[in-house]
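For clarity, chains are labelled A, B, C and D in written order, and residue numbers in each chain start from 1.
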Amino acid sequence: MRSPAPAAALVEVGRRFNSRGWVLGTSGNFSVVVSREPLRLAMTRSGAHKGMLTAEDVVDVDGSGSAVAARAARPSAEALLHVEIVRARGSGAVLHTHSLWSTLLSDRHGESDGLAISGFEMLKGLNGVTTHEHREWLPILENDQDIPRLARQVRHVLDQHPACHGFLLRRHGLYTWGATLDEAERHVEIFEFLLEVVGRRP
Amino acid sequence: MRSPAPAAALVEVGRRFNSRGWVLGTSGNFSVVVSREPLRLAMTRSGAHKGMLTAEDVVDVDGSGSAVAARAARPSAEALLHVEIVRARGSGAVLHTHSLWSTLLSDRHGESDGLAISGFEMLKGLNGVTTHEHREWLPILENDQDIPRLARQVRHVLDQHPACHGFLLRRHGLYTWGATLDEAERHVEIFEFLLEVVGRRP
Amino acid sequence: MRSPAPAAALVEVGRRFNSRGWVLGTSGNFSVVVSREPLRLAMTRSGAHKGMLTAEDVVDVDGSGSAVAARAARPSAEALLHVEIVRARGSGAVLHTHSLWSTLLSDRHGESDGLAISGFEMLKGLNGVTTHEHREWLPILENDQDIPRLARQVRHVLDQHPACHGFLLRRHGLYTWGATLDEAERHVEIFEFLLEVVGRRP
Amino acid sequence: MRSPAPAAALVEVGRRFNSRGWVLGTSGNFSVVVSREPLRLAMTRSGAHKGMLTAEDVVDVDGSGSAVAARAARPSAEALLHVEIVRARGSGAVLHTHSLWSTLLSDRHGESDGLAISGFEMLKGLNGVTTHEHREWLPILENDQDIPRLARQVRHVLDQHPACHGFLLRRHGLYTWGATLDEAERHVEIFEFLLEVVGRRP
């Protein structure tokens, strides 16, 4: 059973992200945890345009990343990555965007394991960060169409970097999360801003 | 006879593209196939601003690119290119934009025959593409005010590159298409995104 | 007496230009000819924000650039430039924007007398231009706070370049015009697009 | 006691700034003076997203930067900077944004004490400036999480530069002000425009 409130909230997030060009061409996927025991996520279905979502585009997903209801729409292929993040971090929401700057920066820094961002006041928008002197390490993972294998990589990276607030998939996009959907959305805005700053620096 | 549904859909596409700056100054043109036998396209008329279309700005066009009705508004001068694409690809919709990045990239790569794009997750938004390792060849044609001659060039390029999902006219813009209008619009978003990524890469 | 229809149309132009960032901070000014004999322009008043215009922000101006009504709001200080353009070109509307790219390009090319733009399909959006092979010369005038002196410079430049569709004031912005307000707005969109293309070219 | 009118005005400013990307991720803070004797500012609370403000997100602050009402929401941590500006300049409103270009320019010029901007017509949008030949000195202060210490720095810089219309905090953002909220908003637009121009200059 889908919870109407999370679906309505995801619809609004989609409109806002679309207006900034972060989810063009049906890209991106979003989820909100609706139950912990058993684990259930309200997640955007595969192939929906995030700027024109309706509540029907949100499906309930279980802890294996599969739709709960037999006849439900297919959830995003990357559902398993959301599940890994929720399990590793205890998050209440996970957001994934395909923006220009996450694509460009993950391309430019793709040969290294990640990207350090420090010195900016905007870092304080990340949960628990209290000073611009914070150094945020944003891991970059190689992109992979084998989602179970990529999910294992995600788990490994989250283990290795317990303080990170997000990661990039190379030439693909940004994953971030939060205790609530509002916090996850704030993290997207913070990272997108910082990636553009870093990307435009000489 | 114009079908009201395609016209209403083209009006909405125009508003969305205009908000992104892809159809400034009455540029661009759109069509939807409304009948195959005989071939009929609902197409934006010449000289209409795509951000402020009404249903009256959409006219029915036949397989020669001419308005079906004697007293109809003049269809876009490039109607014949739409017809060539529909015939070669069996598409249900054709969209043409004049964006910044299609203009810049077709200028920068204009001396070669086209532009290869590969390695990006966003490529999977193109119909039939299942991996970021796909290599999309985006042909570039020399611009030409002689539309019948340009239409022959288009036919030739579509024959030569049976897998391509779009092409650029040099210093002019992007043509892409899809089985449905939704798919064609998704292809525009995917190409515009990828062209900006490629254009901003160092 | 102010004509309500031109004022309402200028309000809408202001909203659209503001959404693109072309008239930030009360910059820019717009006019429409409401009578030729005697010459009367409906013009935005000085100091109004163009994104939040109301009909009260539009005042009638005579052939000397002064408000017709004794107690009217003060018209834009640059009213006299609009009058010169209307007289030299017989235009029905004049639009002036302070955009990023008109500022940047008029700065970069300010040592020369102007800027040539050619080879782009978008040039066909300028009235009377039928091919991308057209070469548009966009004159650049030195900025000047002495408006009568600047008006004489404008007249001189319009005489010298009878085919030009607009001009730049150095580190200031774009002036363009049209037979109708719609045409003038189209010319703004065309020039803003082309200036950004030229400005982003390597 | 909060004045409803200033709160409603701040809500609208927040929407406009958010649409331009100047206050992403709950960044930025705004205030309006509602009383001089004793000094009272209506100020955005800490942690509110500026694009989705409601009147409840605006709290009354006294001359020490603390909430007037015992059970009010916590005002922005930077309330004391607003108080310093209001005292030094007699302003009626103070606005602080975290934009891309204020971050980039304060980073690039951070080793010097500030940034000079001159020669642009847009400078005339700053209160009292009557010519593009004006030279605006925009001081840059080192960012600091110790707000009382930073407030003393702000007071010192305002004393040293009695003619400046704003200042930058390094890798943090822009502060500007005005006699009214409208003027302060106009100053934000002028500075954001000029910073982008300067930042994109070769």
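The definition used in the following text is that a residue touches a chain if its C-beta (ideal position, glycine included) is under 8 Å from a C-beta of that chain, and two chains touch if they have at least 3 such contacts.
Keep in mind it's a predicted model, so treat the numbers as computed, not measured.
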Exercise. Through what angle, between 0 and 180°, must chain A be rotated so its C-alpha atoms fit those of chain D, rounded to a multiple of 5?
Worked result: 90
For this session: Compare the two sides of the chain B and chain C interface and say whether they are made mostly of the same residue numbers, over half shared, or of different ones.
Result: different
For this session: Find the geometric centre of each of chain C and chain D from their Cα atoms only, then give the gap between the two centres in Å, rounded to an integer.
Result: 32
For this session: Could you tell me the distance, in whole angstrom, between the mean C-alpha positions of chain A and chain C?
Result: 45
For this session: For chain C, jot down the residues that touch at least 2 other chains.
Result: none
Exercise. Among line, ring, star, complete and other, which best matches the way these chains touch?
Worked result: ring
Exercise. What are all the touching pairs of chains?
Worked result: A-B, A-D, B-C, C-D
Exercise. Inside the complex, what are the residues of chain B that reach chain C?
Worked result: 21, 24-27, 49, 98, 100, 103-104, 107-108, 143, 145, 169, 171-173
Exercise. Given the complex with chain C, which residues does chain D contribute to the contact?
Worked result: 20, 119-122, 125, 130-132, 186-187, 189-190, 192-193, 196-197, 200-202
